[in-house]
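Since the structure comes first, as structure tokens, the remarks are kept for the end.
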């Protein structure tokens, strides 16, 4: 399952992700300000990272909206925004 | 196609339209052509609206709740969110089922689609 | 080809959610997918025409007003439905305030979208 | 007699701030104080006429629409100013969308209010 | 000084209150859901308490908007809403 | 009457108009007839906007900041809010003064009027 995560719903999002061995996480909007401690592959919307001047933690991959849509089409998706 | 839909109600109820209008949406989606299966889940500050002591009339909840239940919908609350806010299960309204946190998040993963308000 | 449904509940000035919904829909249309928007609550304020914001950066959130972005999505084949109850609640006159192509619907339209969509993104 | 100024930045459907500003202004007028409102950002959506919300409780937030409450404040002597930039940003037509008595102003009006008010309440 | 406190700004509000020996606090809106640990006299808007079905902690006094305005006129006021 | 006014900028900057429009308000109030003394204070999630790395252009900040400074206004940031978000003082923009938490709250108490955005 693919999880899109912003700050306001981060708590319930990460509890949901914790129970999913096959999770992929995309930080969106103010979610890029989070420093999540998850075992899952994690991406971040590049534009959201850039305007906020954030340095991503090692291992978090910036992606375009085009790539985000590829991921969304590939995986069931839950949005926590 | 008939779907299993979970609707998260995540905001403190009074002062904004999100809880009642989220319930209205849940009821409307349940009543549509596909007769989707609906669960409305009180999570985060939304659990304040699951308490029996809240003024449901002032929140415009009763009509939407009655309609949702009549359509076979279900009301659940996140036990973890209740605990975090020191709300005892005994304070929760009778028509709301309290689920342990892991069961609530399992429901989120198991649904076909999720909306949040 | 996949069918994507976006439920937009945030207004144009209080969160980035409308803009994320636009960018994702834009990318989905470019990739050949089918895109439907259901605007609910303050989301119905997003495609209102005649909004004008001074001194705005060309690189920011309001490089152009939301309605211009949704006009382009409509031209490229997106379906845009606004909840009629929410429209009335906000004193929006759909005839004059929305651009051509924006439809006013009701919750059965949301139910249909949920039945047809491969993915539903709630923003 | 005191002079109270309210700065209202929240919209009609996303927070209780407009309603608290109304209740406080109402109580202040009843006690013989002078009351001025400056509506800014989504606060300019509050006194928009023609809003209609179905199935609303008589005891809730929308026992009547916000504009009705502000009509009454105006009739009882409150001054209500909406920021013109914010009005334009939201595609509000002040002539037709606001009731008589609501003025469209600019930030110098806020500066004046702040200079004159004994208390400023930001909601 | 009189402090009107809602949840979103509670953190900076209570830090500001901590430094004021002559503080009075009024919980408004979702602020009535807070259980503040302050040494200052504390009130809560009665209507906000009632619709939320909250039981106030001992020592927190429910007040009407009329009383709130009396307090506001009497004291310099800061609003954290 | 000339007033000492503090404007709190409390929301994360990108995605909503509150930081730039709060600065616009601060600048407008400083430029009014009474020539009020203005302090714009980044607090809570607003401190993200005080960082030099943020795209101030995309946030429509530069014009309002320049005007506010030209009117004699001051920009400060809450040191406590920075620390809580692991933002080092060295990351803060040059035109913003970092105040220790107690000094920031003392400024709030000392002002004649406070606005927040």
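When the chains are written out, they are named A, B, C, D, E and F in that same order, and each has its own residue count from 1.
Just so we're on the same page, a residue touches a chain if its C-beta (ideal position, glycine included) is under 8 Å from a C-beta of that chain, and two chains touch if they have at least 3 such contacts.
Owing to the predicted nature of the structure, the values given are computational and were not obtained by experimental measurement.
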Chains touching both chain A and chain F: C
Where are there more C-beta contacts: A-B or A-C? A-C
Residue-number overlap at the chain C/chain D interface, same or different (half cut): same
Taking each chain's centre as the mean of its CA atoms, chain E sits from chain F at a distance in Å of 25
Chain-centre distance (mean CA atoms) for chain A and chain D, in whole Å, is 39
Suppose each chain is reduced to the average of its Cα coordinates; what separation in Å results between chain C and chain D? 28
Multi-chain touching residues of chain C, meaning two or more other chains, are 13-17, 41, 60, 85, 119-120, 122
For chain F, residue numbers touching 2 or more other chains are 14-15, 17, 55, 58-59, 114, 116
Junction residues of chain A, two or more chains touched: 29-30, 48, 51, 79, 81
Listing every touching pair of chains gives A-B, A-C, A-F, B-C, B-D, B-E, C-D, C-F, D-E, D-F, E-F
Of all residues in chain F, those that touch chain A in their complex: 12-15, 45, 48, 51-55, 58-59, 85
Within the complex, chain C is touched by chain D residues 11-14, 41-42, 45, 48-54, 85, 88-91, 93, 97
The residues of chain C that touch chain B in their complex are 7, 9, 40-41, 85-86, 106-108, 110-112, 114-117, 119-120, 122
Can you list the chain E residues touching chain D in their complex? 4, 28-30, 45, 47-48, 51, 64-66, 68-70, 72-73, 76-77, 79, 81
Touching residues on chain F, where the partner in the complex is chain C: 14-17, 55, 57-60, 63
